[in-house]
Amino acid sequence: MVTLGIFDAFNGDNVNYLLGGLGITVGVSIISVILSLLAGSIIGIIQFEKIPYFSTFVATINNIIRNLPLLLIIFFVYFALPRLGVHLPIFWATVIAMSTFESAMLAEIVRGGLESVDRGQFEGARANGLTNGQTMFYIVLPQAYKKMIPPIISQLISLVKDTSLASGIVLAELTYRGQIVYAQNTTYIVPILVVLTLVYFLLNYGLSLIAKWFDRHLA
Amino acid sequence: MEKAKKRRFGIIATIVLALAIVLGIAWAMQTAANNSKHQDTLTRVEKRGQIIWGVKADTKLFGLMNTKTATPEGFDIDMAKALTVQISKQTGVPMSASFVPVASASKIQLLKNTNIDGTISTMTITPERAKVVDYTQPYFDAGQSLLVKKDSGINSIQDMNDSKYTVLVVVGTTAAQMTKQFAPKAHVIALQDYASAMQALKAGQGQAMSTDNAILYGFATENPDYHLVGGVFTKAPYGIAFDHDQKPMVDQTNRALDTLKKNGIYNQLIKKWFSNVPGLDWHELEVKS
Amino acid sequence: MTLLQHYWPVFIQGFGYTLLASFIALVGSLILGTLFAIMQVSSMKWARVFGDVYVQIFRNIPLLIITLFLYLAVAKVIKMTGFMAGTIGLMLYTSAFVAESVRAGILSIDNGQMEGARANGLSFNQAMRYIVLPQAFRVALPSLGNQFINLVKNSSILAFVGGLDLMYQGNMVAATSFDTFTTYIIIGVFYLVITLPLSYYIQYLERHLKRKA
């Protein structure tokens, strides 16, 4: 077989195949960030409320998850959970693993955001006859979320980068598909890695610019 | 008052959550025990009308992803298709074949987890593995060999028995374990997949890559600077694997395999995939009638 | 538990490599990150641009890609093992985050301090080294600590390039023993032994600093 030029690495089929991988990468990231925002908010509020025993208990579990490598959680969900009867298709296994991990990270951000809201706001709202729950949902949370947008976007950036770890369990996302393309011909390796770097960079740098914009306009 | 209420809530919530976790674990273990009970693969695939095969997606000749169709292609894939057709005929239940790419390290897990029904993925039959999965008759005779650079001066696995050499293998393959027995002094580094191992060899991360000859031939075709040396130093017949204790499925597959060997389809597939591999006498792979 | 007994030396070896990789990458990224942070706040334009570009690139691409690049492409020119490639990748990647933390620390120090020091005859480098940086580090400590926890967790990337670390050995044990469940739980406990105490110490530091402020 003749050694092919590096541009053959990017023939129409391979490009389409890689784009499909990008779609999966983005899909996993977006679904995970939404799920973990929900779960993270609940855990964050529990930690912020300082309910005796309960908050400490939840915080401890949260700390354990936060301090494990994501790669380990991914392997665990995909390879170990089915032993307990939990069968997940590879896409959802990745989403669950990433969401579990990211919820723990976002819970910290939510707690930090809530703590940054002026205490006086609570008292003012309560004085105006709002209940605890109402104060939280209508007064405090909206302000806290506004401040949290930039750190949440940086978590989204981490998510996009971390989906590459799922190539370890053969999820057909961008990095895995890159590996498949350079399995066709080993001369493709450098061009493929360069292009993967560029794609991830453009995606994440774009996100970081959005974060910066929010930072400037909401502060 | 307010504080006491919060405290009471905290205590109750903690107990509820702790109980939920404990009960959850207990339930999970119970389910795990139930799930480990026998589940018949043949019944499952007949009910579904589909056999989900675990196959390789990064291995030339046996299973390599075609990026145009996003499906893998190779000898293993064609065998799986032919077997599915044959099993459908035998059982009278029409079934289709679907493919899930697996890595060497994960295929047994996926089989046990019933993510896949069977796997035909360059998998060597070993006594150790036969304790946890069921194998069919061998469908391909491979053996472990060595791929080195042509000017490396290495001629056999014995030459590698030196702590200055590194042999590259893939996690979860038999070569990962056997290499240490033949070259105890050499370093052995296991990579995630064959493509990475080949890349690593080209990047000089090791002096040789070791796995089944059939797979190495695929790499030698594409990289003319590299060749196989020392012949085959272990026997590594490939088998089709199912979960443990799946006699009906294994019997059906063995019958189908026999038929394919007799009616010439097997030889056609051998010719299709191996007749153009330099250095390999593909006629040796054919079944003689 | 028999699994733990049987594979104990393997786990310990992996644990050792994880610690070693983390330690080398920690020291390296601290030095590199501080250098880039100083570049980012320096008065020279080229240094600022260079520092910014470095930080933006390494913050925005996956560590796995960096590591694969080092192991499969760069290694063709400069010899390196999977352990080295993983550790260097880890160091380069983390240094971008360290630079961000240190930069934020430097910016939090009142500009008057720098000017005062310069007025007293110290050079930019001297003022940076003796006046600004020590204070900046104190401010950045909790966020640096979090970066180091991430570093330990991210060292699991070595598993992808045969780096002999905890995760790599864990995968090998899982593949040979077929007992994934127990193996991964054991591996998890090993990681927590490093990260959990660090995490609680940082939380303590954060509270402590807040009370002081």
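Read from first to last, the chains carry the letters A, B and C; within each, the first residue is number 1.
Everything that follows uses one rule, which is that a residue touches a chain if its C-beta (ideal position, glycine included) is under 8 Å from a C-beta of that chain, and two chains touch if they have at least 3 such contacts.
Here the structure is a predicted model, which means the values were calculated and not measured.
Student: Farthest from chain C in C-alpha centre terms, which chain would that be?
Tutor: Farthest from chain C by mean C-alpha position: B.
Student: When the mean CA coordinate of each chain is compared with the mean CA coordinate of the whole protein, which chain is closest?
Tutor: Of the chains present, the most centrally placed is A.
Student: Round to the nearest whole Å and give the separation of the Cα centres of chain B and chain C.
Tutor: Once rounded, the distance between the two centres reads 36 Å.
Student: Centre to centre, by mean C-alpha position, how many angstrom separate chain A and chain C?
Tutor: It comes to 20 Å between the two C-alpha centres.
Student: Just how far, in Å, is the C-alpha centre of chain B from the one of chain A?
Tutor: Chain centroid spacing, chain A to chain B, equals 31 Å.
Student: Return the residues of chain B touching two or more other chains; collapse runs of consecutive numbers into ranges.
Tutor: 109, 112, 192, 196, 199, 202
Student: Any chance you could list the residues of chain C touching two or more other chains?
Tutor: In chain C, the residues touching two or more other chains are 68, 72-73, 159-160, 171, 174, 180.
Student: Which chain A residues reach two or more other chains?
Tutor: Each of 79, 83-84, 168, 189 in chain A touches at least two other chains.
Student: What residues on chain B touch chain C, complex-wise?
Tutor: Touching chain C from chain B are residues 104-105, 108-109, 112, 132, 168, 171-172, 176-177, 189-192, 196, 199-200, 202-205.
Student: Considering only the defined contacts, which chain C positions touch chain B in the complex?
Tutor: Within the complex, chain C touches chain B at residues 68, 71-73, 75-76, 79, 81-82, 159-162, 168, 171-172, 174-176, 178, 180.
Student: Mind pulling up the chain B residues that touch chain A in the complex?
Tutor: That would be residues 6-7, 9-11, 13-14, 17-18, 28-29, 31-32, 34-35, 57-60, 64-68, 70, 101-103, 106, 109, 112-115, 192-196, 198-199, 202, 221-224 of chain B.
Student: If we count contacts the way the header does, which residues on chain C are in touch with chain A in the complex?
Tutor: Chain C reaches chain A through residues 56-57, 59-65, 68-69, 72-73, 149, 153-157, 159-160, 167, 170-171, 174, 180-181, 184-185, 187-188, 191-192, 195-196, 198-200.
Student: What part of chain A is in contact with chain B in the complex they form?
Tutor: 1, 13-14, 16-17, 20, 51-55, 57-58, 79, 82-87, 90, 168-170, 172, 177, 179-186, 189
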